[in-house]
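Presented below are the structures under discussion, each in the form of structure tokens.
Below are two complexes that have chain A in common, paired first with chain B and then with chain C.
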Partner chain A sequence: MKRREFLKISSLAISLTTGMPAFLARAAAQAQSMAGDKILVVIQLSGGNDGLNTLVPYANGAYYAARPNIAIPKQEVLTLSSSLGLHPSMKPLMRFWDTGKLALLESVGYPNPNRSHFSSMAIWHSGDVTGASKEGWIGRIAETIGDPFCATNFGSVTPLALRTNELILPSIDNLDKFQLKLPQGTEKAFEQIMGLPRQNDAEFVAQATRHMISNTAKVQQNLSKYKAGASYPENNKFAAKLKELARLVAANTGQRILYTDIGSFDTHAGQRADQDRLLGEFSSGIDAFMKDLDSQGLGDKVMVLAFSEFGRRVAENDSAGTDHGQGGVMFVLGAGVKGGIYGDSPDLEKLNQGDVVYKQDFRGVYARVLDNWLKIPSKTIMGAEFTAPAFTV
Partner chain B sequence: MKIPTKNILLLGFCLVFSSVQARPPYRLQAIAQFHFEGSPLKKSTMACTFCHINDTGGAPWNPFGESIKAAFRANPKWGIADALQGVMAAMKDSDKDGYEDALEVFAHTLPGDAKSKPKEDHKVLLERFMAAGGPDQYKSNKAAPVDSSDDE
Partner chain C sequence: MLTPYSRTLSLEDAAHLVRRTSFGGSATKIRSLVGKTPQDALLQLMDFTPSENSKNPFDPSDAVNKNAADKIFQAKWLFEMIHGEAPMREKLAFFLHGHFAISTEKVGSPEALDQYLGVLREHSLKPFGVLTLEIAKSPAMLRYLDNDQNKKGKPNENFARELFELFTLGVGNYSEKDVQESARAFTGWTFTGPSKKAPNAKLQFVFQRKQHDDGNKTILGEQGNFTGDDVVRIATGHPETAHFLANKLFKFYVSSNPKPEDVAALADVWTRSRGDLQQVLTALFTSSSFYASKNQVVKSPLDFVVGSIRALELPIQGEGVYQSLLRTLTGLGHAPLDPPNVSGWEGGRSWVSDGALLSRIQTAASFTLSKKVTLNTKDLTLALLGSETTALNPIIQKLTSPQQAYLVMISPEYGLM
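== the complex of A and B ==
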């Protein structure tokens, strides 16, 4: 059987069994992933996070001149260097900075930037800067390592990043709902059907289903044993998602990549109110998530990568907001990270159509994480060699 | 290459879905905060011309939209809910048609278009408006659901 056919059948097995989440299906298929037990948590900051008010060039007069109403005052900035500091809402992340576990990458983008949310997000998801590809970089990982269950999105719709032409990796929005329960009174009939002799692909699907059933209870047991090792902030939907991801990690489901999102960072008006709140939710959520994992002895297994589809324009608009721009800021934190600020700060007096000029290709950041953390050859996944500063250990 | 019909239907659904997703959160907030009834997916519930000159939204803004923008500039830490509330409380007549913005919101006419104004006598309408709670009825303690952003 060709690999693609195998993957299609495996996916079918998932969909046939009530959209079983990746960990259950993984147990069923007994897929062998490439060596390694490191986990990458990818967080999408939807809407286009404003990088300049995130990693603030507080020593740059041009920044304050361009943003008379919405700039972060120098005295409020969380100082990282003589010229840069974090947004004050991101204080919960300072402990990662202080311990060398937070890397910030400046002016990240791609050639010929696209200001459309949809188009730019598709480029970040696929890694194809032409926007033509319909295959996501995480979906390609699944195909490459032959494990259609290596990644899961926590949300309602699987993003392009987790799709290929052949595969749609699973999305979960409630772990507890994903249990394999046969309708009452059908158990016996189901057993009989499963007991029928089969060959080849049919036998594979049947065997996968049997494994799935036998492992479902075990995995659910593991999930039910989970006890949060940290207090998650209330009224923070993003933190609630991360808590569910922590359950998945703690349940030892064998997944390599977990994906979720927070938004909307599309701050065309009243930016300070919305971005201040969102960055606070993002930071406090991450802080609780990592504390939780640390308390369970799992912190060393998890690296967090956060991105947004673009940054925003340097000058504020006349609604105390900012419009779509180009280069932005990426975050990488947790295990395996060599903390610091990487890349050149934007030259605010040398802009491209009023935007920060991108200097670091985002595909280089993916590549470094693939090669150094997940130990998956990046050239195979990204289709070419890309480079990034050494932000990983 | 032939594309199966079901895929075309699916694509159609996705396109419709994506345009639904494209509704900006500011409009959703205004619909909720101004107590406009009806599906937020329908322009008849609240037209883009409530704040914009063009029916498709975007620049330029009408005088009421400009009042909201001015509120943001004057109060950079305000969110959209604060800005809407602030403009209502100001009892300004943005389009200078003789009816304050809050009265036009109450009467469901366009506060940024002088050609659109309540038919009811100003004094009578004002009395009804104040009896209903005055500008305070447009206070908001809760943000409307924030959707993904528009694509432009």
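== the complex of A and C ==
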């Protein structure tokens, strides 16, 4: 189905463009000039994933000295190079490494690091390192290409990344329940209610309701295109979410960016048990997700980008955990990726207040994905030029 | 100084007060407040003396395992919000729970949850410094933010940081050094409780002197060999705290975009009363700004669920129904004692998304269509929308009462309060 057609579809014949922000109405009337068919899946590792126990500097004595209780023993590390290896729970991702489809970016962060979860997360979501902006980078993509359905969050609350002052992109938490059925006898009255004049917050809610009606209709019409192509690990909520994302990818309803999260990685105490489990759920979930897409011939459309709001303190604390830190590790995986380890490994002899010093600005990573994968000019979205090593094909 | 509202309450005023402060109420309850002064109406709602509803069927000690105990405890609180005699106390406790967030998953003890909620209820109209200290010493918070692991020589900063960032000063008003020094002051704060050796031991705060770092510290410009009590005193008495909390109260109870002069005026009340919550809340809920803010708050899922049941006086009973309500709230991201993270709930427009709107519509159907709603149109819109004469009335009045209730609940207007 073409976008222009779906814009006409509405189970209630409510005009979608009524009360729509001008930029969207304008764009809806345009052809899909900036549209492409590449999809980016963004995964948020909430709580601050510890980078050093993820991409382990197993040849570095300072690492073991700083973490007598929680370091990953050398013999357990999945070797990637003469100095670095992956956490053993990430074994399911090794097939991507072996085929050159997994890129790891080291010491990623931003200037004047903030150790607050919320401030730092807001910075990653907005791309504004002062933390003042309330406009998410994915929300700005939607405004720029003029498509309020170009991205979807999988969860109950839309994160800042998918919002702007004028727009909140959709969140879905259950695809099968994602449909509106009004009981008989109420349709006409509902249509009249939706047609009442409104202002401010009431208009905002009304508009969101119209978007939802149109969006549900479109998704339901296309869900049957999905043919299950892999079994997902059980008792893994993250994997269950990825399965729903795979259904959305297969539905091919125009979402170019899909967003979801896993956590909590806030391992102040007893880090090994929690992080080991989470990295395992993360890795086995992604493994199944990519298998599923591959079997449907969709694998070459999807790139996965994973980030966390910060890394953690180099030295362990007395609770066998780690406190909030600075630079961390990002993953890029799947189609369009040139595998390898990029950036400089943390210098554990030269720390900033006990933390890994950031060397790669995360905005450069976004920029490269925007320019080279999504084919959306990064300068328009990020507000300036940012660079990153060539981790894309 | 906040300008006091000088009139007696109209029907719309009364509905507004009940909806905002007390999870809503029936048309009869609303009408009973009409003609009262703002002070008298508030005093009636602000009576926090009633004990918990004796008919509350939920008892966590009946649970077969921890997970079930957590769920039963959540249902117990939900029951109190719906059927309790002091709904304003429960809503205020919920606001404070979002402020001093903890989660069942990490706390892992119904007894600790019970103590924590008890502190929120008992101290919600006391000086903020007293409340904060009680919360800081509650086993639930000591566990949730890892202060039970905070020891001399190897401090755990988690609680100290959130105390400044989320509970008192707000981000940007303290330094990393303040966090580190305060973490040292909180060393040795932990709790003891039942164990295999002592199954009947009381769950309570203990100060382990040997684990405490009693060295000199500099915190927010003050110097001394401070303890955790000192840090709480310094942080809660700080001028930024007055502003931070005044802003948060306005956003939760009054408007998602409060006027800066209103926030400053409430902060002033806070400072002059040394953070006395009874005085601060009284000034807020009797102000003309409060009464001028009708329909300026995006309704939260909890207000949607609890408020609708109370407004429609739905006969909600039975364990299964409560489990279903909790599932709905979990799906909407607003189950009590299960916040998304340590900053509680963001609120405002963040509640609006496709999935959330759809889930509200499905909940509205389950509340109204199969139930015996018999209210007339005026009572219905008064209880749900705060007025007997809304733009919806002429559209819905020829339909059946359940259909009317359903349509009101799925209208964009009902997304606000």
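Everything that follows uses one rule, which is that the second predicted complex is superposed on the first by the 321 of 393 C-alpha atoms of A that agree within 3 Å, B and C clash if a C-alpha of one lies under 4 Å from a C-alpha of the other, contacts with A are read in each partner's own complex, and residues count from 1 in each chain.
Criterion: a residue touches a chain if its C-beta (ideal position, glycine included) is under 8 Å from a C-beta of that chain, and two chains touch if they have at least 3 such contacts.
If you're wondering where the values come from, they're calculated on a predicted model, not measured in any experiment.
Visitor: Looking at A:S46, would you say it contacts chain B, chain C, both, or neither? Reply first, second, both or neither.
Guide: Both partners, chain B and chain C.
Visitor: Answer with first, second, both or neither: which of chain B and chain C does A:S264 touch in the superposed model?
Guide: Once the two structures are laid over each other on A, A:S264 reaches both partners.
Visitor: Classify the contacts of A:A202 with the two partner chains as first (chain B alone), second (chain C alone), both, or neither.
Guide: Touch status of A:A202: second partner only.
Visitor: In the superposed arrangement, which partner chain does A:V393 touch: chain B (first), chain C (second), both, or neither?
Guide: neither
Visitor: With the two structures laid over each other on chain A, which partner does A:A65 touch: chain B (first), chain C (second), both, or neither?
Guide: After superposition on chain A, A:A65 lies in contact with neither partner.
Visitor: Just to be sure I read the superposition right, which of the two partners does A:S116 touch: chain B = first, chain C = second, or both, or neither?
Guide: It touches chain B and chain C both.
Visitor: Once the shared chain is lined up, is A:G321 touching chain B (first), chain C (second), both, or neither of them?
Guide: A:G321 sits against chain B and chain C alike.
Visitor: Touching A:R272 in the superposition: chain B (first), chain C (second), both, neither?
Guide: In the superposed model, A:R272 contacts chain B only, not chain C.
Visitor: Among the partners chain B and chain C, which is in contact with a greater number of residues of chain A?
Guide: C
Visitor: Could you give the residue numbers on chain A that contact chain B in one complex and chain C in the other?
Guide: The answer is residues 46-47, 116-118, 264, 268-269, 318-319, 321 of chain A.
Visitor: Please name which positions on chain B make contact with chain A in the complex.
Guide: Those in contact with chain A are residues 18, 24-26, 68-69, 72-73, 75-80, 82-83, 146-152.
Visitor: Within their complex, state which residues of chain A touch chain B.
Guide: 46-48, 69-70, 116-118, 263-264, 266, 268-274, 276, 318-321
Visitor: Would you mind writing out the residues of chain C in touch with chain A in their complex?
Guide: Residues 146, 149, 151, 153-158, 161, 165, 171, 176, 256, 295-296, 298, 331-333, 340-343, 346, 349-359, 361-362, 365, 369, 391-392, 395-396, 399, 403, 406-407, 410-413, 415-416 of chain C touch chain A in their complex.
Visitor: Taking the complex as given, what residues does chain A use to touch chain C?
Guide: 46-47, 114-119, 153, 155-158, 168, 170-174, 177-180, 183, 185-186, 189-190, 192-194, 196, 198, 200-206, 208-209, 211-212, 215-216, 264, 268-269, 317-319, 321, 323-324, 353
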